[in-house]
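These are the structures, in structure tokens.
Each of the next two complexes has subunit A plus one other chain: subunit B in the first, subunit C in the second.
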Partner chain A sequence: MDQFFEQIITGLSIGSILLLVALGLSIIYGSMGIINLAHGEFVMLGAYTAWLFQTYFGLGLLASLVPIFIAVAVIGWIIERLVLSLLHNRPLDTILATWGVGIMLQQGIRLMFGSELRYVQMPPSLSDSVDVFGLSVSSYRMFLFIVAIALFAATWFLMNRTTIGMKLRAIMQDRSVAASFGINSRRVYGLTFGYGAGLAGLAGALVSPLKSVSPDMGTGYVIDAFMVVVLGGVQSLGGTVASAFILGELSGGIAFLQNDTVAKALVLIAIVVLIRFRPEGLFTTRVRA
Partner chain B sequence: MRISRRTLMKNAAALGAFAGAGFPHIWVKNADLARAAGGEIKVGVLFSLTGTTAIIEESLNKATILAIEEINAAGGIKGSKIVPIIEDPASDPATFSEKARKLVVGDKCVSVFGSYTSASRKAVLPVFERQNNLYWYPTLYEGRECSKNVVYTGAVPNQQQDEFVPWLIKKFGKKFYLIGSNYIYPKEENNYCKKLLEKYGGEVVAEEYVPLGHSEFSSVINKMRSTQPNVIFSTVVGDSVVALHRQYRAAGLDPEKMPMASLTTSENEVAAMGGEAAAGHFTSAPYFQVYKSPENEKFVAAYQKRWGADKVTHFVSEACYFQTYLFKQAVEKLATSDIAPPTIRDAVKGAETIAPQGKVRIEPENLHTWLWPKIAQCKSSGQFEILVEAKEWLKPVPYAAYPGQVCTEKGLVEKS
Partner chain C sequence: MTSKTSFPTGLPRLGAQIAPILIVCAIVFALPLVLNNDFLLNKVARYLVLGILTVSLALSWGFGGILNLGQAMSFGIGSYAMAMALKLKTIPVHTGSGGLPDFMVWNNVARLPWFWQPFKSLSFALAAGIIVPALVAAALGWFIFRSRVTGVYVSIITLATMVVLNLVIIDQQSFTGGFNGITDLAQLEIFGFAFDAYGRATFYLVASCVALSLLVAFAFTRTKAGLVVQAIRDHEGRVRYFGYDVAAYQIFVFALSAAIAGLAGMLYTIVMEFASPTFLGVQLSLSVVVWCAVGGRQSLVGAFLGAVLVAGMQGALSESAAFLETWTLVMGALFVLVVLFLPKGLAGLTKSAWRWIVRRRLASQGIARGVGQTREGSA
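Entry: the complex of A and B
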């Protein structure tokens, strides 16, 4: 029985990391309809910013979370202004453009900092483990879980309870009508993309003490993030949360019973089958076309 | 048109000159003269500078370049400079093969130094065998290969495990948890490990492989908790090593009770995971940066002076460094007109040099290298402490797990 609960907690932990990584993508994909292939690179930029703060300013991870969010959000905002805003209503070109931006970010980092793995220290206060119902759980993983839930709550609040969120939802429904009501859609899109990028950056910084930091680390994350968003249903924040935890429990469980190679394959097959019969994902919000 | 004798002669001469220039191998018996022409000896350097394995291959490129620069600064090889032609195969086996062909056929390099992964070595092998050129492979690998066109300067399974596995059983216990990345190298190493376990009375509690680049080990760690092995025998590679160590530590497991014993964790990976995550675990390899020898002190100082004081040396970059010196020795034995891949290969057989790890020798039978196995434990400083040093160098046996097969000068021989 202990093993079962241990595995449930493991699944929650994997799910919370998936949620962290997917949240930013969910916002950008869901509300702006942009398939952002540079999402993994924003995750990578966040991890590198954490490394920079630690190496050059001696700042711990916890202290640098806010600056990291701002830094990556600003980069995202600039990219939206300079590239994506010019490609409005051209979804295929947007995919290519974000892919290209991703490659440039990756090679830029490689040119500046080299391609070796980088080290981001785990906050010492969180590097031991705690007892949860008699099971020993890594404090850092607990911390990630709480942060993931908090970020989700903040994002939900922002989308549903603030003026800017209302404007964004209005644009999602009909851009031209929203504009005729005086909503500056360019500004809202820029801010939304920046916010999504900032979330990705935070995710990168937060997972870096458990994983490794390298210029091409983003590739794996962008795939995970898309799986979560596609399974959960585009435009549904709640769906993203549910699907992150479903995928976490599923891959953790199969990995325990079988191994990680099998888990990866089975989860992917499950998603493909589900998309075949439910292309809109598990959860959908009704939106007027 | 009337053909006069004079125009006929002229045309014939022109044709001869054209043939001479166009097909030199018809006229010049040793076409490889061109290979060492003009006081330059061209060699290829084929390590990925981009892509997934660039993380480690960049350091191999650096160690090779360092050795070449040192040799050139000391006067080159009998007055000829080594000219490195650097290509970036971008961690992709198909690109490896393409770039290898370019270096061998296009640039006429007399040797190529390259590869980290077995996949990339297998991809370039046909090029070197067909062109009868020479590839210098510095990485520890799974053995079970017997090419006349590759000089293997890394360890094969018997050189990493023969001493390591019995030592682990004696010190920690019999129950082994085998974990590796999902490709040929970990599977062959585990194959040999299981033979040794059988011989010394150990047992395997689990054998499992994770996808390459995998970074989520919490389920694996739960399994380790529930099977309670004495030793976790790890052949996980690349950035997964970093993730495994960090998550092991975050989960609160204790290296004193359940240490990881790795064949792949070097100073390079430790630098990325941080000393505190690596502390207490063990690695078996022929070389560690802390090894005390005058040659190693010189190597480490030169490497850090050339590439930065924060850089580490490790068991693959050391092999890159000494294999370049072995190349120099082999070429030195040859007359300038004889410098060609097959003659270099013959000259390197039985060659010896004092490497940073100790005196090494190329085994004439199989072109693998006699090395000095060592067992070391990682400290929180990020460096290793060497606990066991072999008293004698160990012969490379690339087919150690396959008693019916032996690699000889003539190729693979099946014994019945």
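Entry: the complex of A and C
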């Protein structure tokens, strides 16, 4: 029984990392229709920024979270302005453009810092473990879970309870009508992309103490995160949360019984089969196109 | 006059379209006359094979509108099919007759796994290298296209499928050779004819396959099915309202493209003399998309030349490692610029440049002979 609960908690931990990475992706795809293949590179940039702050300024991870968010968000905003804003009516081409941007970011970091693995220290205040229902859980993983949920709540609030969120939702419904009501869609798109990129940067910074930091670390995350978005359905933040934790539990469970690779393969097959029956994802109600 | 100058369906004239293909094929076949170096010939053969792979992507992406980010998966399957057959041929030499491939012996495998058994027959392997990728693509396509999944989703799913297969191959080391791939292969022998990776025979084999795949792909784009596929790319809904089974056409072009990629994969094993998980890696799959975009996705010859030229340039620069690193950065930038400003690639650029020259010439003639002449000439 203990083992079962341990498994559940491992799954939650995987799920919270998935959610952290997928949240930014889901925002960008759901609202702008852009498949951001550079998302993994934003995750990587966040991790490298954390490492930079730690190595050169001696700043702890917790203290540097806000600057990391801002730094990666600014990079995202610049990329949206320079590249993506030119591709508004060509959704397939945004995949290619973001992929190209991703290569450049990855290669740029490799040229600047080399391809050796870097390590980021866990905040000392969170390196012990806490007792949850008689099980000892690493407090850093608890912290990740809480942060993931908090970020989700913040994003939901931004989308549904603020003016900028309302403008964004208006643009999603009809860009030209929104524009005729005086909404500056270019500005909103830029901010949205920057926000999504910033979230990815935070995700990268937060996972950096658990995994090693390298220029190509983003690739693995981005594919898992896409699976979350596909399963959850676009334009559904709640779906993203649910599918992140479902996939987390599934991967954790199968990985416990078999191994990581088998878990990945089975989860993928399950998603492909599921798409046959619910193409719009698990958690979206049917909408008129 | 009209019957000769314009095709009733509005198709460009056959001759104008097939001429570039024939010219490229002729150049490819003539290459051994110029290149007198076996090592160089092997390198060129490698780029030609990558060219075939890129043609297969142009077929599904440029003509079918299906951006398959996992095109290297079919390539990899073809490559492994060939490698498995050639590996089994080495058994008598490496481990004695009735033995196992050497890496299985190192991994303490007791019996030859069931999926290796049929590869004892070379003709099975040759067929499997083309048919298995096509079947896998058709199965995946059935799930994707019957669900009316379109656009970006297709790209994600194909990419993810390839990544997972790659992980499985690396993970199942005792059956697949894992990270090292399948190395130390025998030479392909057909009818007592040996294909040495550095020999002319292999080069001509590759050249023939270049011609074959370009012509098959070209012929497909001219058939009715090929036209329907292009119509689906341009407006899926409208084709569906006409009563066509859109998914069936999409699955077909997806599978055809996979079959050509599988053929390229088999050739790659012969030219490189091994199969490796990197053959179905993200890196290669990405490069294929870049080559295709740079060369021109809506032109088979453009895509082919894009691959040969860009991969060739990369190969030439790879002598120095520092240069290669910068090159990757430049590639990324080049790719972004092509996507932004040259969506039809170099082929599209050449075409518009050609049109511009023709128009200029006709315009200057038109001044002398009157405007009516000009219109007829450009029809």
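The definition used in the following text is that the second predicted complex is superposed on the first by the 284 of 289 C-alpha atoms of A that agree within 3 Å, B and C clash if a C-alpha of one lies under 4 Å from a C-alpha of the other, contacts with A are read in each partner's own complex, and residues count from 1 in each chain.
Here is the rule we use: a contact is a pair of C-beta atoms (placed from the backbone, for glycine too) under 8 Å apart; a residue touches a chain by one contact, two chains touch by 3 or more.
Quantities reported herein were computed from a predicted structural model and do not represent experimental measurements.
J.: I'd like to know which partner A:V272 touches here: subunit B for first, subunit C for second, both or neither.
T.: The second partner, subunit C, only.
J.: Quick check on the superposed pair: does A:R110 touch subunit B, subunit C, both, or neither? Answer first, second, both or neither.
T.: After superposition on chain A, A:R110 lies in contact with both partners, subunit B and subunit C.
J.: Is A:K264 touching the first partner subunit B, the second partner subunit C, both, or neither of them?
T.: Both partners.
J.: Go through the superposed model and pick first if A:A153 touches only subunit B, second if only subunit C, both, or neither.
T.: After superposing on A, A:A153 lies clear of both subunit B and subunit C.
J.: Is A:L210 in contact with subunit B, with subunit C, with both, or with neither (first, second, both, neither)?
T.: Once the two structures are laid over each other on A, A:L210 reaches subunit B alone.
J.: Which partner does A:M122 contact after superposing on A: first (subunit B), second (subunit C), both, neither?
T.: Only subunit B; A:M122 stays clear of subunit C.
J.: Quick one: classify A:S136 as touching subunit B (first), subunit C (second), both or neither.
T.: After superposing on A, A:S136 lies in contact with subunit B but is clear of subunit C.
J.: By the touch definition at the top of the document, which applies to A:A255: first (subunit B), second (subunit C), both, or neither?
T.: Touch partner of A:A255: subunit B, not subunit C.
J.: Across the two complexes, what residues of subunit A are contacted by subunit B and by subunit C?
T.: Correct list for subunit A: 107, 110, 259, 261, 264.
J.: Would you tell me which residues of subunit A are touching subunit B in their complex?
T.: 3, 6-7, 10, 13-14, 17, 107, 110, 114-119, 121-122, 127-129, 136, 138-141, 209-214, 216-217, 220, 251-253, 255-256, 259-261, 263-264
J.: Quick check on the complex: what are the subunit B residues that touch subunit A?
T.: Interface residues on the subunit B side: 49-52, 54-55, 58-59, 182, 208-211, 213-216, 218-220, 222-223, 225-226, 239, 242-243, 246-247, 249-252, 268-269, 271-274, 276.
J.: Per the contact definition, I'd like the list of subunit C residues that touch subunit A in the complex.
T.: So the residues of subunit C touching subunit A come out as 65, 67, 69, 140, 143-144, 146-149, 151-153, 155-157, 159-161, 163-164, 167-168, 170-171, 282, 286, 289-290, 293, 325-326, 328-329, 331-333, 335-336, 339-340, 343.
J.: Inside the complex, what are the residues of subunit A that reach subunit C?
T.: Answer in residue numbers: 29, 35, 83, 86-87, 90-93, 95-97, 99-104, 107-108, 110-111, 219, 223, 226-227, 230, 259, 261-262, 264-265, 268, 272-273, 275-277, 279.
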